[in-house]
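The next part holds the structures, each set out as structure tokens.
One chain, chain A, links the two complexes that follow: it is found with chain B in the first and with chain C in the second.
Presenting the complex of A and B:
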């Protein structure tokens, strides 16, 4: 029946790995559950095992950190302290009555129709994030992919989205994505960033506090220069063109106010567009557990505890800030869990180094967040026939109608009136655009389950026994 | 150049699968999406409403745009499902069910 463990960690990215290893080092029996074939998450994603690749397709900036994490994971697995369940998609973490801990429900098998349950006394949620893409005309054409998605398929599957790629949007992810694509053999026709260099300068003090992180950006920019790619700052992709697949994009400059500068539009031929406007945290497992959020992030205290006893969270789930922040938060969570499971209060001085890193990196992330902003008129530039909800094929015009004529005041009413957000992705892709059109802040989706669940799996769950 | 070169990858034996009846090459560990991209195919679904072509969007299993029919089973995410020798991949129209 259900496997039993002390700590279940959901997500084997930087945060989950750091948490699992810190807890295991203190004698905690850990089960690490992840949807992917291998550990690493997004940042440390490796080529599929069967490819027998000797290295990633482009040099990884933190190869040594990865080797250290991987070796430690191998050691604890060999010793039986850590069990790593790969290709397990967690659809719900359930709090069992009478303090009997948690049941982590996952789907596995090739069609994800087999149910598996892990019982645990504590849970660390380290599910990372996914990309936000703000719609524009043509963004549903095949060949338009998310920037992180292009990176993920390249790193994991060693294949390019096209021969000639435009990388566009906003955020610190665009530089490594463009560098990775160029080094793997794609022609990067343009790197289009809507933020302007002035915004960077205004935030200089906060950014200067992290010379290492700034150097990382400079390093990617230098690598790109070798391929003749110069980032186009304060520019945006206005439209993607093509009949049944992408053939070109229109790129235009933005003025100081972040609006389209007239007369600057030009066409760039390409067969792939890798586009992204920052990341959003995965919070569905936390929401089902009843954990409080702040904005779109799972709220945690200084020990990375959520407000539900026994549930910790770390990494992008608690706010987007990059892999180093995820590592620091995961480490603190793992140490806190080890102490709390023994029934003692941890001594925060023991993780002072990680704590300082966390403080610094959170400040850095906040500064970046202010620098990297989408164009200010992105909502107005969605034409009425621009698809907003990709699953249910709902255009911006129908959402505008729901908001204007029908008086919908929030995403929920828009969903009921238009079906935007009712499809397979459960509103993850259209959420930001619906919020923009409605004039409301983005609120988490209140999804009952993190993954669509086959009825057979639901029916096969044991009844909770009163005891 | 293929990205497999800088990665020094030497995939094990290549095998064949079919896409809409035509043979395409695949290797162990490759997902449906990666094999289709390698074969130059970018779309393998027609949407339910407008019959519009779709393929990979998020690449990590979140968007469900890449749904495809594998061995008669519709609604499989091409970006996640690894291929096995002899797999039969079909473009998914609408819900992928006859009545769809």
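Presenting the complex of A and C:
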């Protein structure tokens, strides 16, 4: 077992980094555990050294913020205050009995076959989010990728998903993804957004409170215009076509009610479709620890504390809101942890700036959430043979049968009766579709193992012993 | 008062499903109510074992034998949807001492009508090529089988034609002036019937209390580990001989003994842990650690295989390890069909048949005496013991 640390931070994206640095700056010994090769998370993802040397990427829009975080991390690592465990995939955080702190269990090694356990007095969960996938006919064809996946491969390996790309779905991620693809040399055949411009106008007051964030969107839109890409608002991709791989998509307009407008369908040729419908928080570790959730988000107080003593959470896991919100929340969490580990109550005035940013950015995120919505009839547009669960190859028709003929009424009973959600991804991908087809709200699934664990690692877990 | 139906079955798990099926086939009009979903309780957390091998001669084994025959018939009728697999159980012993105890049990089981075949070390390797070498021997039980329990419950309810009300929490048992039941009250309205079957599994004690009587059902937690899908590596249900002792034990502390089986869908299922710590679903790494170690001990190839998930279920446990089946003499019209501990899927069909016979006043195929729901007395009195049975 690794040496006991004061604070274990799970995730080295914006929230985890900000939290680790804020705590380290106040003398807390931190172990930062992260699945990636380098710190930064998805937002600050950069190519590995070898890739970057060959072909330097365009500068990150938040280069300055990144440099500040990276330099501070390097400093604390050199001083021994922060230990950064890269390529460590946490599968469970265990609360040890009798207030003996926490055991963070991770997998490492080339095939994630080796078990590592980090003991800590406090835990900050900064596990980020993952993409919401809404199936439609043809979405499993090779060439269809998630918007975030396309971005990750472009940022991390400087690889394009195709030559002619359609970017589709809904949410603020589509603009930067399309702009990034165009700048890297792809032809963006269409940018298809199901939200309408009116929805944006209705939320104008909340959005106007964030001139910087709105300007960011305008900036991406302007960059896209240079490549001749004009976003198609209130449109959707109805179907992806192709024999063995993607050859074209059908794009259609939506009416005011968010339903398909008849007679508007047209085909757009492409060899890649990057589709995204926003993010969902990663809450598996928090749920297994017993942290209360609110909807799909980990519930936290003003200090970013969960309701489990010793466990803090920050960033997308507490509600999707972007990198700036994650930085603010992580910073507050780190300062709170430093005070609480010393046995004192923190003075919230010390983080007043971050607190104001947090309030503003949460309001902004709530406004965006209301604007960006999938088409209202997306559930009905899944045909019976549209695959819902890729791992177990379950089509929408079988889910409908389980609900209609066999009496299933929630995601768990659908899973039991169809196997949807029983495979490798444990329902992360099919969860929204199953919930839609079942007619119930999306609830986080209980996943005691946040990722698959070799039985040998389970069998070799350290026996807890008194210390 | 207008009756809604002839009988209300509370509980849409495997036992409730079978009660509904056989009652409906006996000509009764049946409603099934559940506060959750079909197979939402212990049925959905089980492995679907239909076992005779782990039972010593006695009333439970008789019920298991009756049930095994009924399951085979139902499987013919319902087809592949319920994933019935008569794959047989293989009990293995590590030491000669364990093996002779196992042979002794098998001898007694054979006398009670169970097929039990002694297997030497070499034949073990033929039956299960990936089994750990060096085992002393085992016993093969060809009558052991498996179903996918949630699918089985759902399809049996569907085949019964009973009206199914899920998401309907029973908040009261309606009783007439004489004390006899008149139906149930649910959050969605009253259901009037002259008979109520308590098939609420681990929550059967709560339903008994709503009917003004007492049934000491307690949860006994178990974890199951589910691996990634694999080609067929484990052919039978394979378990270590100490499982039988664990099943019968009265200990509240964590006990684990490896039970390993492949499924038609691909994943290998690994059980079985037992502990009495209430309705706590929280992951217990000590429990899953012991399960994994035990499974690797039997099948070394499992070491690099990944567990995709684990989940807890709560076996409905009665102090003498026997279910409560039949009319409750304290409350006319109330019948119990719960407390099957870890054997509820296997014993469901026989239980359903006996309940249907009790409902229609037919002679029951088995003596309901050992399953009497009033055998535990009132709360606070000393619990009944196992009536001369050896575990």
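Heads up, the rule we're going with is that the second predicted complex is superposed on the first by the 458 of 467 C-alpha atoms of A that agree within 3 Å, B and C clash if a C-alpha of one lies under 4 Å from a C-alpha of the other, contacts with A are read in each partner's own complex, and residues count from 1 in each chain.
One rule holds in what follows: a residue touches a chain if its C-beta (ideal position, glycine included) is under 8 Å from a C-beta of that chain, and two chains touch if they have at least 3 such contacts.
All values reported here derive from a predicted model rather than from experimental measurement.
Undergrad: Considering only touches as defined above, state whether A:27 meets chain B (first), chain C (second), both or neither.
TA: Touch status of A:27: no partner.
Undergrad: Identify the partner contact of A:131: answer first if only chain B is touched, second if only chain C is, both if each is, neither if none is.
TA: Only chain B is touched by A:131; chain C is not.
Undergrad: Of the partners chain B and chain C, which touch A:423 in the superposed model: first, second, both, neither?
TA: Both chain B and chain C are touched by A:423.
Undergrad: Touching A:154 in the superposition: chain B (first), chain C (second), both, neither?
TA: first
Undergrad: Kindly classify A:183 by the partners it touches after superposition: chain B alone (first), chain C alone (second), both, or neither?
TA: A:183 sits against chain B, while chain C stays out of touch.
Undergrad: Under the stated touch criterion, name the partner, chain B or chain C, that contacts more residues in chain A.
TA: Result: the larger residue contact count on chain A belongs to B.
Undergrad: Touching A:245, do we find chain B (first), chain C (second), both, or neither?
TA: So A:245 only meets chain B here.
Undergrad: For chain A, give the residues common to its interface with chain B and its interface with chain C.
TA: Common to the two interfaces on chain A: residues 392, 423-424.
Undergrad: Inside the complex, what are the residues of chain B that reach chain A?
TA: Answer in residue numbers: 1-12, 27-31, 33-34, 37-38, 42-43, 47-50, 52-65, 67, 73, 75-76, 79-82.
Undergrad: Looking at the complex, which residues from chain A come into contact with chain C?
TA: The touching residues are 92, 94, 105, 113, 288, 290, 392, 402, 405-410, 412-413, 416-417, 419, 422-424, 426, 446-449, 452-456, 458-459, 461, 464.
Undergrad: Residues of chain C touching chain A in their complex?
TA: So the residues of chain C touching chain A come out as 12, 37-40, 44, 150-151, 154-155, 157-158, 164, 166-167, 225-229, 265, 267, 270, 281-283, 285-286, 288-289, 291-293, 295-296, 302-311.
Undergrad: Can you name the residues of chain A that touch chain B in the complex?
TA: On the chain A side, the touching residues are 35, 37, 42, 47-58, 89, 110-111, 130-131, 140-146, 148-150, 152-154, 157-161, 183-185, 244-245, 390-393, 423-425, 428-429.
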